[in-house]
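Letters A, B, C, D, E and F name the chains as they come in the text, with residue numbers starting at 1 for each one.
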Amino acid sequence: MPIVEIHLIEGYSDADKSRLCTALTQAARLVVPAAPDAITVMVHELPPGHYMRGNAHRQPAPAKPDPSDVVRRYLAAMEARELKQATALLSDGFTMTFPGTAPMTTLDQLITWAGPRYRFVTKTYKGFDALQSESEAAVVYCRGTLAGEWPDGTAFGGIRFIDRFEVIKDKIIRQDVWNDIAETRDAP
Amino acid sequence: MPIVEIHLIEGYSDADKSRLCTALTQAARLVVPAAPDAITVMVHELPPGHYMRGNAHRQPAPAKPDPSDVVRRYLAAMEARELKQATALLSDGFTMTFPGTAPMTTLDQLITWAGPRYRFVTKTYKGFDALQSESEAAVVYCRGTLAGEWPDGTAFGGIRFIDRFEVIKDKIIRQDVWNDIAETRDAP
Amino acid sequence: MPIVEIHLIEGYSDADKSRLCTALTQAARLVVPAAPDAITVMVHELPPGHYMRGNAHRQPAPAKPDPSDVVRRYLAAMEARELKQATALLSDGFTMTFPGTAPMTTLDQLITWAGPRYRFVTKTYKGFDALQSESEAAVVYCRGTLAGEWPDGTAFGGIRFIDRFEVIKDKIIRQDVWNDIAETRDAP
Amino acid sequence: MPIVEIHLIEGYSDADKSRLCTALTQAARLVVPAAPDAITVMVHELPPGHYMRGNAHRQPAPAKPDPSDVVRRYLAAMEARELKQATALLSDGFTMTFPGTAPMTTLDQLITWAGPRYRFVTKTYKGFDALQSESEAAVVYCRGTLAGEWPDGTAFGGIRFIDRFEVIKDKIIRQDVWNDIAETRDAP
Amino acid sequence: MPIVEIHLIEGYSDADKSRLCTALTQAARLVVPAAPDAITVMVHELPPGHYMRGNAHRQPAPAKPDPSDVVRRYLAAMEARELKQATALLSDGFTMTFPGTAPMTTLDQLITWAGPRYRFVTKTYKGFDALQSESEAAVVYCRGTLAGEWPDGTAFGGIRFIDRFEVIKDKIIRQDVWNDIAETRDAP
Amino acid sequence: MPIVEIHLIEGYSDADKSRLCTALTQAARLVVPAAPDAITVMVHELPPGHYMRGNAHRQPAPAKPDPSDVVRRYLAAMEARELKQATALLSDGFTMTFPGTAPMTTLDQLITWAGPRYRFVTKTYKGFDALQSESEAAVVYCRGTLAGEWPDGTAFGGIRFIDRFEVIKDKIIRQDVWNDIAETRDAP
């Protein structure tokens, strides 16, 4: 216990349904203290002709992509400085806030801002968390550590960071970044 | 579509079941791009005598508390400097990491560390996010801004922060904190 | 076979649910040639807290009255010349069409029109049929025979009639009447 | 709400199942005042080997045809004077009653009776209503207006009519007809 | 896996439903090699007004008694020589066959037959097995060992026996007995 | 009533599922006094990707063989003196007890023991009963009559017997035999 059943119109991929089963499992576990092995999820698929709502058969909408995947693709593109690819993953209305900045809306702004802070930075990930918010956006958190070079060419590493993303469909609409760069830079 | 059904042994409160319905709704929305009004959740309750697993009737375990509530109680106790109450919400094995610190394990360590950084700090919350991890812990994020006084008595405010908590049952086992204090303090 | 299940929010009366079971039974029989005894209907009730749509619990709306009952009450009031009661069962926008008339909108019009046709008329019912239309209205048919007196005081009887009603909630919005009065009156 | 589920042995056509979904939707709406978009129907099909009743697997019987279609084919054949085709749609035990007639059992009787009434008649349909009765028969109502020529060759039109049919399987066993022909003929 | 659900009209006792859950669990295990803990049974009860078959609501019939209990009561009465009580548990048409006998129909016949075989006998039970046959009868097997005294007053014990009973409702209609009495008696 | 539903991962043969439907039907009948035709079983199959337990998709284990078939194959091999085939159906830990014997563990022991009792024996079956025990073993009973020749070559027949088998997976782990051979042999 508990047993969760979901009825879906046919058309989702195995990966989508697996992701859905996992999300339902975790949703149940958030409230019910069952051992994971006691939580069962069953997916019941219906062809469109077996499902009627409001006296009309319905077609399934394509599954939303995994928002963590959208974020990973964006982070990979940024780290590789593939700005065109990264920009393609940003939604109209995108804003990003970095430590000490006002909200920025373009990657060019970000690069200008980062210039005097570090030569480059790479990320090592400790974990991703994703959830659906009450609004349209999915929320993705990723955290880990930064390594790179200060403007004077000396190396740094092991600096903690966390990013929070809001993803609508397959685009990022908001990024908030926190890290210990200032803390580290200050340290004697 | 989709329609989610969950079968539960009787014994959960209305608030628990409502929380469960919301978690299942959001789980479905994470993958299926349905309008919220098209997502239905039905809870089917069974008395223990109507449920058998492994040839034995079962009793429901008490619901897990809302992990966001655990975190809110902890944050309120910390802000009010009610250290005894706050400590009571910490699990064996608790660790916390603040900007620039190694993991600390007691609130006393935290207070000693914070002493030279600020006289006091209060938090204004912009949002909480909670989810169940694959492990036993629930994860809670809270973010917002800090206000308070520097050691010299001058005020600060509007400093962004984010905390990440891991909660097992009704205790916090891990806290990770990021904020822009160093960034702000450095600013001319 | 077939087996029909319906999930409802709690709050319908036994009579409502029985009427619903019958309607679902007949709906299945309209297409599936099963012996009636092979058609099963199960009603599953959910308290409002066990049902969530669009991330909100819902309250059941009161059941619609049986549209045949609305029509029977109207016909009984008309036959008893209780015009006030009959009028109370008519919706805004009510129209009625009798043999050879244009649509009328008030019972006074009807009485004026009927005056030269017969002194009075009573109805013997052979059957009622009710169904839900695709629009908001339920449709009720009733048929049987008329008896009464011609204007000259001679009696008539056994004259076939059929009435078609459209009912929205608990009001009649349309009545269409056909009968053999002219046919009979003409007969030598 | 409500959600209707029907379990069927495999073997019905998409059109049959769609008709069934619509009939179940309307059955629910007859009692429950839900917005159509809040009414969901799910069809669950089982292969014969997945369904056992009375310790025996079962085969599905062929779906009943849509009784409105049977009636439309009959009415089209009658209007085209394709008496053989029309007769093929009549069941043993068929009777029909027209205004002022005793029950007739053959189309020849009808034609003889109609001879002195009109040269020909065509129908314009305003609507069909179909439902399953408690007995074996489905009931179909159709209504609209008649046009044609009186015996003296003058034209008539716009005369209201209604027909009531009882259909068992794919044959008509009873037809009852009402119209305003006598009313109109009498008018000065 | 598997998950078994049973829909019942309300009215069965907790003991009946528990017995039913166990029977369904064992039925599933007879075919599916799941660990017992992976087999879930859920009982869904419906008040009579929520269940319609053949357009009629139904009342539940009283549960059949556990056929093993019927047999145990009979065996206890026989061992205590409470012949009236034992007889009350026998159905019309009862027959019993013991080693070397033709079918007998009354307990008196049995006692007469047993007279020269032993003074008395008591049973120690090693196990009962019960199942529903394809016919109306439930079948109960019980096995164990006999102890008692031979006609000459010497004691015997540890003699294997097995009884097979057929039970219809709460009466025994057939008993078949096998044991090693002759084998033992013969032994030098 | 009742209606039984079972949810299974895909992969069982039609014969397995039919056997499962029958076992579930009989399980329900053991408690609920419904006419067989009122007992419905529905099998719902899920592909592995539609079933998740403990956050993992699962593969179905192969169905257990019908334990009555295992026993029939063993009895046929024994009757045909195909000892190698018979032995292949015996589990490690197999024991068998015959009238008057201590538990034996090999077919050779059995043959040695039977030598002085009869030249050969054949079985006519009156019935098989199979059920799942609470332990891992399925239990099979078979009963009927024995025919054969005494050591002196004279024929015997019509001697009642019953065998009880315990079967784990596709091997017999225990056989217990009762019959009236001694009773018959003793008879004058």
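For the reader, a short list of remarks on this structure follows.
Throughout what follows, a residue touches a chain if its C-beta (ideal position, glycine included) is under 8 Å from a C-beta of that chain, and two chains touch if they have at least 3 such contacts.
Predicted model, so just to flag it, every value in this text is computed and none were measured.
With steps allowed only between chains in touch, the distance from chain C over to chain E comes to 1.
In the CA-based superposition of chain A onto chain C, the rotation angle is 180 degrees, rounded to steps of 5. Chain pair A-B has a twin interface among C-D, A-E or C-E; that twin, with over half of the contact pairs alike by residue number, is C-D. Interface comparison, D-F against C-D: more C-beta pairs in contact at C-D. By the residue-number overlap criterion, the interface of chain B with chain C counts as different, with under half of its numbers used by both chains.
Centres computed as Cα averages put chain D at a distance of 57 Å from chain E. Each chain gets a centre from the mean of its Cα atoms; for chain B and chain D, those two points are 63 Å apart. Residue positions of chain E touching 2 or more other chains, listed in rising order: 1, 3, 7, 26, 38, 40, 42, 44, 51, 53, 55, 134.
Contact between chains, as defined at the top, is found for A-B, A-D, A-E, A-F, B-C, B-D, B-E, C-D, C-E, C-F, D-F, E-F.
Every residue of chain D that touches chain F in the complex is listed here, in rising order: 7, 44, 46, 49-55, 57. Residues 1, 3, 40, 42 of chain B touch chain D in their complex.
Contact residues on chain C toward chain E in their complex (touch as defined above): 14, 17-18, 21-22, 25-26, 35-45.
Listing the residues of chain C that touch chain D in their complex gives 1-9, 12, 16, 19-20, 23-24, 26-34, 38, 51, 53, 58, 60-64, 67, 97, 99-100, 129-134, 138-139, 141, 143, 160-162, 164, 169, 176, 178-187.
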